[in-house]
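Shared between the two complexes below is chain A, which has chain B as its partner in the first and chain C in the second.
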Partner chain A sequence: MELTVETLEGDIRCLRLAGRMDLKGTQSIESRFNDETGALKQSVVVDMAGVSFIASIGIRLLLANIKQLNPAGAKMVFCRPQKLVEDVLRLSGLDAVAEIATDEAEAVKMLKGV
Partner chain B sequence: MSDATSTISKSTASSTPDRLAGTGARLLVVDDDCMNSALLSERLQAEGYVVDVVNDGRAALDKLHEGGIELVLLDIVMPDMDGYDVLKKIKADAKLQDIPVIMISGLDDLNSVARCIEIGADDYLPKPYKPVLLQARINACLEKKQLREQEQAMYRALVESQKHLAAELNEAAEYVVSLLPPPITGEVTTEWCFIPSTQLGGDSFGYHWLDEDNLAIYLLDVCGHGVGAALLSISAMNVLRAQSLANTDFKDPAQVLMGLNEAFQMDRQNNMYFTIWYGVFNKKNRDIIFARGGHPPAVLVTGETQETSERIELKSPGLVVGTMSGVIYRSKRQPLGKFAEIYLFSDGVYEISNQQDRMWDYQEFLNSLTCELPEGKKRLDHIVAAAKKFRGSGSFEDDYSLLRIVL
Partner chain C sequence: MSATVQITLQNNADELQRLNELVAQFGADNGFSVQEEYAVFLCLEELSTNIINYAWPNGGERAFDVRLTIDDTIIKLEFQDDGIPFDPSKYQAQDVSKPLAERSIGGLGIHLVRQQSSEMFYERLDEKNVLFVKIKRGQG
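Entry: the complex of A and B
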């Protein structure tokens, strides 16, 4: 899997993921993802547009980091997930602890609480 | 595991010599020239070897069969049976073939030496002997033999420990299957299919009467599979079977999920979580109350008759179980028609990829639950066959659990 970090307008950090978030894919980004999200305790947009599949192991990685952010008052917002991936995020109940945005502008708004 | 490890280290230790390679080793000198063999024997004894001497090929084979010889020094040129023939017999004999053989030859006979090396001699020694060369070649051969023996012992230990582990895994897999409830028939009829992706799966499911009116039905799927996932899966299932959550009404699915969520927080469960669908069928009210913890919805097919029945996904919001403490789950109620059957499953039944890396569609799976059945075919057999056909194989990447209950 690929993971790139960018800074969006208003100094908001955005992680772009691409590839299959199965066991192998998730393991390949796990430690960087942890370093760039949960460990920083800062709100972050996670761009899922390039993710074609997510398995339970991928959900575990996302949840483990949301769990670190939320108590610190920070948020993770998912952006532009493909239909299949969005279904799994909602099925797992992840939408109860993190918001899902249809585009970057909406994601930024959600983070700013506008 | 500890048994297997100790077996390996024990055999390694037992085949490690407590003397330098060669010193004290028992050698056999085979030479028809008595002067030569006596001279060689004397030199070798002076170097610390134990030496047996024979003067022809047959006696050499007899001696080797008695056992205890660690290396043979074999003259090529001998009457009756020459060194070449003796060597062939040694290499063709399963009991003798691992004993190293050094050929002894005159300097002018290198062609014969090459032939002998080709059929398995370890080395050769030209006459007249040079003591340094003599000892170096013997020691090299003995060392090689010892290493080979160590390697074989380790290999045997490894095969043994693999067998042992496989047997233990099998036993564990049988235990998991033994916890799954036998199909029942009568006022409620059940059937199921369980195909773990590895020997041990992370899925488990069950159903049991809580009292004379209420039947609990559940299926859970631990993130991942293998031994760790199976252990968590079994622990959670045993809690449900024994109804052993404090202050929990097992007729209330939301309470059950909240209880499980607190009892199985992932930071105390080796970072593993599970998803679950839990429902309670009440036969008097003819309804089902359910809650969902991040699990695919169960699918209900219900109506006045089978022909008029419709397919309903029993969805409710709910996070996967064990990820965050304090999560609230909510129960939902669904009335049942006269005809009702419910399908519980893990995502492994529809997240199936084929060799072209195409995924089976969830919709295709849903359709297989209600499509018209080919004559004489049972519903579950039909669904599993369709999945296998799409996959192009009899095994799946993820655990495959599918439960059908006619209510």
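Entry: the complex of A and C
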């Protein structure tokens, strides 16, 4: 999998993911994803547009980091997930602990809480 | 119309790649929709990973069989392993409505398999776990 980090307008951090979040794909980004999200305790947009598949191992990685962020008053907002990936995010209950945006502008608004 | 493919996998996570390639080809040959392909990949990944991680607590080099059968209405997945008895159809799936802090790590894979499939049937036969999972075709 690929993981790139960008800074959006307003100094908002954005992680862009691409590839399949199956066992192998998730393991390939796990430690960097932890370093760039949960460990920083800062709100972050996670752009899912390039993710074509997610299994429970991928959901667990996302959830583990949301568990680090939320008690610190920080948020993870998912941006532009593909339809079937979004279905799995919702079936896993991630939408109860993180918001899902249809585009980057909406993600930034959700992150700022406006 | 009906077609079948079968593969024997070692108890090693690297084997999932071989399984995925075979299933991608089988899906292309048999006209899986995007949604059907996703459901098949998800069920295969979750249930194969369970077998690889938990069927043989003492480790060693072991193997298990996966078979896919497709007809006009159903995609059937069959798993056979000679590991310790385990019935995923009875396993308590994760309650995803629980608050974040109370959620356990386990059970999410089984929860997703149940959401993506229409039926799960398990039997212990000749010292083997035999699991059938059915995915209805033409949904969504």
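Note that the second predicted complex is superposed on the first by the 114 of 114 C-alpha atoms of A that agree within 3 Å, B and C clash if a C-alpha of one lies under 4 Å from a C-alpha of the other, contacts with A are read in each partner's own complex, and residues count from 1 in each chain.
Throughout what follows, contacts are C-beta pairs under 8 Å (C-beta built on N, C-alpha and C of every residue); 3 or more make two chains touch, one makes a residue touch a chain.
Every value quoted in this text rests on a predicted model; they were computed, and no experiment measured them.
Q: Should the superposition on chain A be reported as showing a clash between chain B and chain C, or a fit?
A: Once both complexes are aligned on chain A, chain B and chain C clash.
Q: Contact-wise, after the overlay, does A:44 reach chain B, chain C, both or neither (first, second, both, neither)?
A: Once the two structures are laid over each other on A, A:44 reaches no partner at all.
Q: Of the two partner chains, chain B (first) and chain C (second), which one does A:63 touch, if any: first, second, both, or neither?
A: both
Q: Which of the two partners, first being chain B and second being chain C, lies in contact with A:91: first, second, both, or neither?
A: Both partners, chain B and chain C.
Q: Counting only touches as set out at the top, which of chain B and chain C does A:14 meet: first, second, both, neither?
A: Neither partner.
Q: Looking at the overlay, what does A:24 touch: chain B (first), chain C (second), both, or neither?
A: Once the two structures are laid over each other on A, A:24 reaches chain C alone.
Q: With the two complexes superposed on chain A, say which partner A:1 touches: chain B (first), chain C (second), both, or neither.
A: neither
Q: After superposing on chain A, which stretch of chain B overlaps chain C: 99-107, 153-161, 315-323 or 333-341?
A: That would be 315-323, the one stretch with clashes.
Q: So chain A touches chain B in one structure and chain C in the other; where do those two contact lists coincide?
A: Correct list for chain A: 23, 53, 55-57, 59-60, 63, 67, 84, 91-93, 96-97.
Q: Any idea which chain A residues touch chain C in the complex?
A: Residues in contact with chain C: 22-24, 53, 55-57, 59-60, 63, 66-67, 70, 84, 88, 91-93, 96-97.
Q: Under the touch definition given earlier, write down the residues of chain B that touch chain A in their complex.
A: Listed in rising order, the residues of chain B that touch chain A are 221, 223-224, 266, 271-273, 275, 292-296, 317-320, 323-324, 327, 347, 351, 359, 362, 398.
Q: For the complex, give me every residue of chain A touching chain B.
A: 23, 53, 55-57, 59-60, 63-64, 67, 84, 87, 91-94, 96-97
Q: Which residues of chain C touch chain A once you look at their complex with the stated criterion?
A: Per the touch definition, chain C meets chain A at residues 13-14, 16-17, 20, 34-35, 38, 41-42, 45-46, 49, 96-98, 100-101, 103, 105, 108-109, 111-112, 115.
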